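A short worksheet on the structure shown next.
Labels run A, B, C, D and E following the written order; every chain starts at residue 1.
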Amino acid sequence: MQVNEFKPKIVAFCCNWCSYAGADLAGTNRLNYPADVKIIRVPCSCRVNPLFVLRAFQRGADGVIICGCHPGDCHYTTGNYYARRRMTLLFSMLDYLGIEKERTRVEWVSAAEGAKFAATMNDFVATVTKLGENKRLEDLRCKK
Amino acid sequence: MSFSNNLKENVIRSAGVDPKKCMKCGKCTATCPNGNEMEYKPHQFVYMVEKGDIEPLMNTDSIYKCLSCFACVERCPRGVEPAKFIEAVRVAKIRKQGENHLKADMIPDLLDEDLPQQAIVTAFRKYSK
Amino acid sequence: MQEVMKNKAKELLASGEVRAVIGWKKGEFCYDITPAVFTNAEEIDNGFIYDDFCGANLSKYLIKEAHKDGKVLVFLKPCDTYSFNQLLSEHRINREKVYVVGVSCDGKVDIEKIKRTVGDGIIALSSDGDKISVETLYDKYEINRADALAERCVNCKSKKHVAYDELLGDEGEVLDSKRFDEVEMIENMTADERFEFWRNELSRCIRCNACRNVCPACSCEKCIFDNDNSGYVNKAPVTSFEENMFHIIRAFHVAGRCTDCGECSRVCPQGIPLHLLNRKFIKDINTLYGDYQAGEDPEARGPLTSYTEKDPEPSVVTDKE
Amino acid sequence: MVKISFEKLNSLFEKISEKYDLFVPTKKNDGQSYFEKWEQGKTVSDDLNTVRSAKDFFFPQHEDIVSFKLDGKNIEITDERREVRPFVMFGVRACDVRSFSILDKVFLSEPVDTFYKAKREKGIVISLACQKPSETCFCTTFGIDPTEPEGDIRAWKGNDCYYLEGVTEKGNALLSELSLEECDRTEVDAQIENTKKILDRLPLGKLDTDSFGGDKLKELFDSEKWASLSESCLGCGTCTFVCPTCQCYDIKDFETGHGVKRYRCWDSCMYSDFTKMAHGNPRLTQLERFRQRFMHKLVYFPANNSGEFGCVGCGRCLNKCPISMNIVKVMKTLKGEN
Amino acid sequence: MQRIGVFVCHCGTNIAGTVDVKAVAEAMKYENGVVFSTDYQYMCSEAGQNIIKDAIKEHKLTGIVVCSCSPRMHEATFRKAAQSVGLNPYMVEIANIREQCSWIHKDMATGTEKAIILARTAVAKVHLNAPLTSGETPVVKRALVIGGGIAGIQTALDIADAGFPVDIVEKLPTIGGKMSQIDKTFPTLDCAACILTPKMVDAAQNENIKIYSYSEVSGVKGFVGNFEVTIKRKARFVDETKCTGCGLCTEKCPQKRVPNEFNLGMDQRRAIYIPFAQAVPKIATIDADYCTMLKTGKCGVCSKVCTAGAIDYTQKDEFITEKYGAIVVATGFNPIKLDKYDEYAYSQSKDVITSLEFERLTNAAGPTAGKLLRPSDGKHPHKIVFVQCVGSRDTRECGKSYCSKICCMYTAKHAMLTREKYPDTEVYVFYIDVRTPGKNFDEFYRRAVEEYGVHYIKGMVGKVIPEGDKLIVRASDLISNEQLTIDADLVVLAAAIEPDKTARPLATMLTASMDTNDFFTEAHPKLRPVESPTAGIFLSGACQGPKDIPETVAQASAAAAKVIGLLVKDKMKNNACVAHSDENMCNGCSNCAKVCAYNAISYVDKEFRMPDRTTRVRRVAVVNDAVCQGCGACTVTCPSGAMDLKGFSNKQIMAEVDAICK
């Protein structure tokens, strides 16, 4: 085993009603996913401002994932539809600027999908780990 | 295409459908126009493949009694598509015999424009090693 | 055209219909035109101009001017009318206080392009149909007008006036432009090439805010990048991140609202092709959510304030090959 | 006077680069010229001037000053000053060279700005005489001779070589290190004469500063013309940031997550948050901010610096202002010429 | 500067097993602003809460972080505890170190490291928390029940009995719903009409209940406690206040050839009709699609015969607006359409019928006056095949993947009743599984087999082929492993049930969520089964999922209890975490209002002092705290950042991001 194995920093924004509950369910079912994932609870995926995503990268995140209710199931009826458009465009712009598109993701996870939450996180962490450290959107001042 | 030694896995993989989805309603057998002629009926194919009981299926002539009419595929409420298992067992049997009824280079002459795509693909699967 | 416009302006000022006229004022040389507010016939006679260099989009000045008492006349080129409509839809302009006179436009000339051909020392310029004659301190030149047109005019999206009270000239038509070709070219690069391309461009940014301040869509009372309390205050491009951040967010904030007037690229002192960021969003919106031209219809709902159940998932970006 | 042929320029640059960082104006792919660190393959641009002025070398857009780190109840303070490697700037025009002496008046008078001073001491300026001034040039208005620029060393570009002449001690020292071929001034003198003829024809050549200076404060401040002049100003910082003499800066703190980095960066009096204090902003409208910029250059600066104006006539703001408003228009309007 | 207390819970070994809780508490002591940090066995216990309360008092804490289980579990508990000692409840943050840490990590070092980061993140957030207070709005003490089936009736009766006025909106001319079409009910075999009609009459006569029959909800505004609902009263061309329900018009109407939907089109009614004898309200309705007078202007027979003068051909749809404190959805179900199931020949033979049609065929008020006769030739069937799971548990496009739950029992009922009334009839039931969880359910099914001799065959019907006057049924018998062929006289299909088609648009109006099958989603599948996640919207009956009558009635009463619990309150506490617009930064662009699903944002023109000492009137956004649900859609739409969300502000979220990425 390598000593200095790369451990990515992953910020996961989870909506309170579905995905946060889905993450709780993953916990209740003892479904393991890497500790690199840290969750921020937001009321709805539509609360996630692209600025937060960029901020995370600036501060040293290697991947950012946004989880919300499935389209049509938003607790606030339409929030995730707006989030979907916003994030699609943001991700597309990042890709356009040559920033690895695999570092960002949107996943819809319902309160019942604990297994999906864990699987998603496992997969995302694996993807980001493969990409390595975020270099293209880093802010050197924030490095230790 | 490489085959592992596990017969069950091979059959399931070549069938391309999941026997675990079966809820054992028997509609396939109910709907089969030739069911009464078969020693093992369509629903049994699904069940036995799942159990890994492939040998008896390979040795029964039921595999040749299936008309590939796909009535069971059409009507299966769970998308299990039993005919695909029967086909998979047939293919497994042919491969195991290691003898081809037809040589591969004979096939082009036999191709008929109106032949369903399914049949062509099936033939290629059967006769390729 | 210029004379007709001057007469129109003087006529409406004289009748008291409008209290002021927003137009273009001639400068020190033959190309350095300044947007200006004229309040009497004398000012118009002395300074008003409408020529190849009147590229500035006057619609944004209406936010300020239309708050004053009385009506103001504004001359808008076709592309400016889109910005005008967009501002209307966002309630930034009081329509009743503006008298819009639409003026036709056959493309504006980019002085930088001319300078790149003839060098420094331009002392006289004259346009004659397809040709532009340039006299410098050192030589005389004749160049094709088409070669000197601003990028946004070469790829003009529309010569149609979408808002006016009165038209001087034709209403014009929406054009079939090639404005997304360059975006597509960048999209077709590898990620590394794109990164290189944009680093090379954005690293020149000096954060002078000209792009933001000239942009009709960037008309916030207080920009988050100037707001000490926003947490994003960002005064200088200290790191590559801040260069990226400013331009990504600026483009995002105007996404769905940007009419592609091209002012950002025109004013950038560092020559950064900022329109390519905005156009990327426009292209994506058109592809993913259906064609949408901001400002075409002031009643339309913008693509980021609407949705359909069948919108593509963000995975169209993150999972694409 | 010494000279160096074009063919040998590369080896000269190579030699300078051994001991110094060498910066030369280079054309970038946007068609404009920037000062860039010289390396093999980079050529000196013939453009009259660079987009950004040469002040960047002594007064960069941003520089770290100090950083703080909090560890429990202790604060650790680190001076972020970087050791500056001696450097040489080649091809600085007369206007930009003059801007250094204007900046010196601000940064080197008490209290001395040690960040600026350190760089100023380490930098050697090789200026380059102008041959083809632009219509936007008006350096002569401020008594600058573009044919015989100031600097540590001054240079002229001849037909097949550069002519170099030491001006200051620093400059002469460098020249002697380089041991170049001595030569006479014939070509240089001819060039100067020729350029002077062009200078006479410059459209802005007749602009004078008679109506400006410290004694005109009240009259100019109260002028009613500021309203129309500033009317279409966008309030961006383009003029300020391309200006070689603008020297205002802001000090900002950046929280890095594990400490604070304090840095300074250019500020612009055109910005609404310029010199904002606890009580708010002293100049509330764009008119006041606009007036500040030009009053500073034309009135306040000469008032405090024995009549020297805060402008060198480089013409950058004339080229770059998004709405083509600039110091020339301001001067002419205030004088009543427009 | 905040004074923050951190409280780390062991949760027995749930947390302490994989997180070194002492290390977490110790690490937090060095965090900026933390003045107290401790750990305890069970923070949610009374003793645990007392530790928190004492610390708040003793250390003058201005904010606390509890590192424990999910905030969805105990956030409310700790907020209450804080509030009881005078700390604003919104100064409490939870670091979820159980579900999102100790339970998913096996290794102590990893778990502890992550727990410290999560705790630090919560501390970073609390630094920026501000005390929030929720506003209050008065509750309109009136309920609306949408749907007048047994679910709606029961809910309305229970609410009305508690003394609150309640309105029922029913889209058909009469209340009663599906139950009114059913003959007998399992497992007791009571006559459905006998138990339903008294309830219908009760509803009609109850002073607190107002029935809007032949009406639909066309618009919903507002929020819990204060809904404003627009009800469309469809024109029935009969004056409800005058019609006595004598029925003379329905006998004299010359248009006799209208398919009778009450009997599922198996017989005919007139253009003016009363759906059935016990209809409530018993008022005639003119079917505009068939009425000759309305279509051609010639006829007017009903008007002539009506002694009450109730007929009004000029009536128009009418819209009324009412205010309600709570809304109960009771929109019920329908059997699915079977036209996609060619194999059962439903569209080809009249003698292949659905179970609901079978109910009408055996009902005394049905088309055959209760005699079991074949629809095609009116003959007695001697061999009947029942097919279960038609469309249920079917993952194909045409089917439903769920179990419709009621079919096993009603099929047993049909089979049993057939054998009882017509012992000469052979009855076959083809089943996949017989599902009988319910009181006396399995006994009932066994009686059908054992006492009544119904042939239950495990297997499915593959095909039904009409041949002469017979129906050839091809089926499998999985036990004997053979194919069967039965020449039946009648085939009865137990069609899957699906939510009523009106439910989806209604859900949109109510902003209540639905699952992919269009069943309404409950707030919690176990603990809040009769509430929608949208506050003030309650669920009753099969609109939430397939249900039989006893379950429906139970849920209906449960929903009523929830409604009563809401209506007894005089005031509602609003959501405290609402959006707020900083008017100094607001551009008035309206984008926030466009994305608000609740119409919570409006605009006002306000005078502002400008820097140049003039004043300017600007349009700025104002959020209605009572309506805002706090989703935050507006905050991201706002480019200037004027719009922010209390409790989840930009700065709070960024502080969390920073703390995580540190």
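Here, a contact is a pair of C-beta atoms (placed from the backbone, for glycine too) under 8 Å apart; a residue touches a chain by one contact, two chains touch by 3 or more.
Predicted, not measured: the structure shown is a model, and the values here were computed from it.
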### Query
Suppose you hop from chain C to any chain it touches, then on again the same way; how many hops at least until you reach chain E?
1
### Query
Which chain's mean C-alpha position is the greatest distance from chain E's?
D
### Message
Closest chain to the protein's overall Cα mean, using per-chain Cα means, please.
### Response
A
### Task
Averaging each chain's C-alpha atoms to get its centre, pick out the one most distant from chain C.
B
### Task
Between chain B and chain D, tell me the centre distance in angstrom, where each centre is the average of that chain's C-alpha atoms.
83
### Query
So, what's the distance in Å between the C-alpha centres of chain E and chain D?
72
### Query
Any idea how many Å lie between the Cα centroids of chain B and chain C?
66
### Summary
Cα centroid separation, chain A vs chain B, in Å, comes to 44
### Task
Give the residues of chain E that touch two or more other chains, as numbers and ranges in rising order.
595, 637, 650, 654, 658, 661-662
### Task
Mind pulling the residue numbers of chain D that touch at least two other chains?
254, 257-258
### Task
Would you give the residues of chain A that are in contact with at least 2 other chains, written as numbers and ranges?
50-51, 59-60, 72, 78, 82, 86, 141-142
### Task
Spell out all pairs of chains that touch, sorted by label.
A-C, A-D, A-E, B-E, C-D, C-E, D-E
### Message
Quick check on the complex: what are the chain E residues that touch chain B?
### Response
343, 389, 393-396, 399, 432, 458-463, 474-478, 481-484
### Query
Mind pulling up the chain C residues that touch chain D in the complex?
27-29, 32-37, 56, 61, 112, 116, 119-123, 136-138, 200, 204, 206-210, 212-214, 226, 228, 233, 235-238, 263, 266-267, 269-272
### Message
If we count contacts the way the header does, which residues on chain A are in touch with chain D in the complex?
### Response
59-60, 141-142, 144
### Task
Spell out the part of chain C that touches chain E in their complex, as residue ranges.
67, 89-92, 219-224, 227, 230-231, 253-254, 301-302, 304-306
### Query
Which positions of chain D touch chain C when the two form their complex?
28-32, 34, 48, 51-52, 61-62, 132-136, 198, 201-204, 228, 231-232, 234-238, 240-242, 250, 252, 254, 263, 265-268, 271-273, 318, 320, 322-326, 328-329, 332
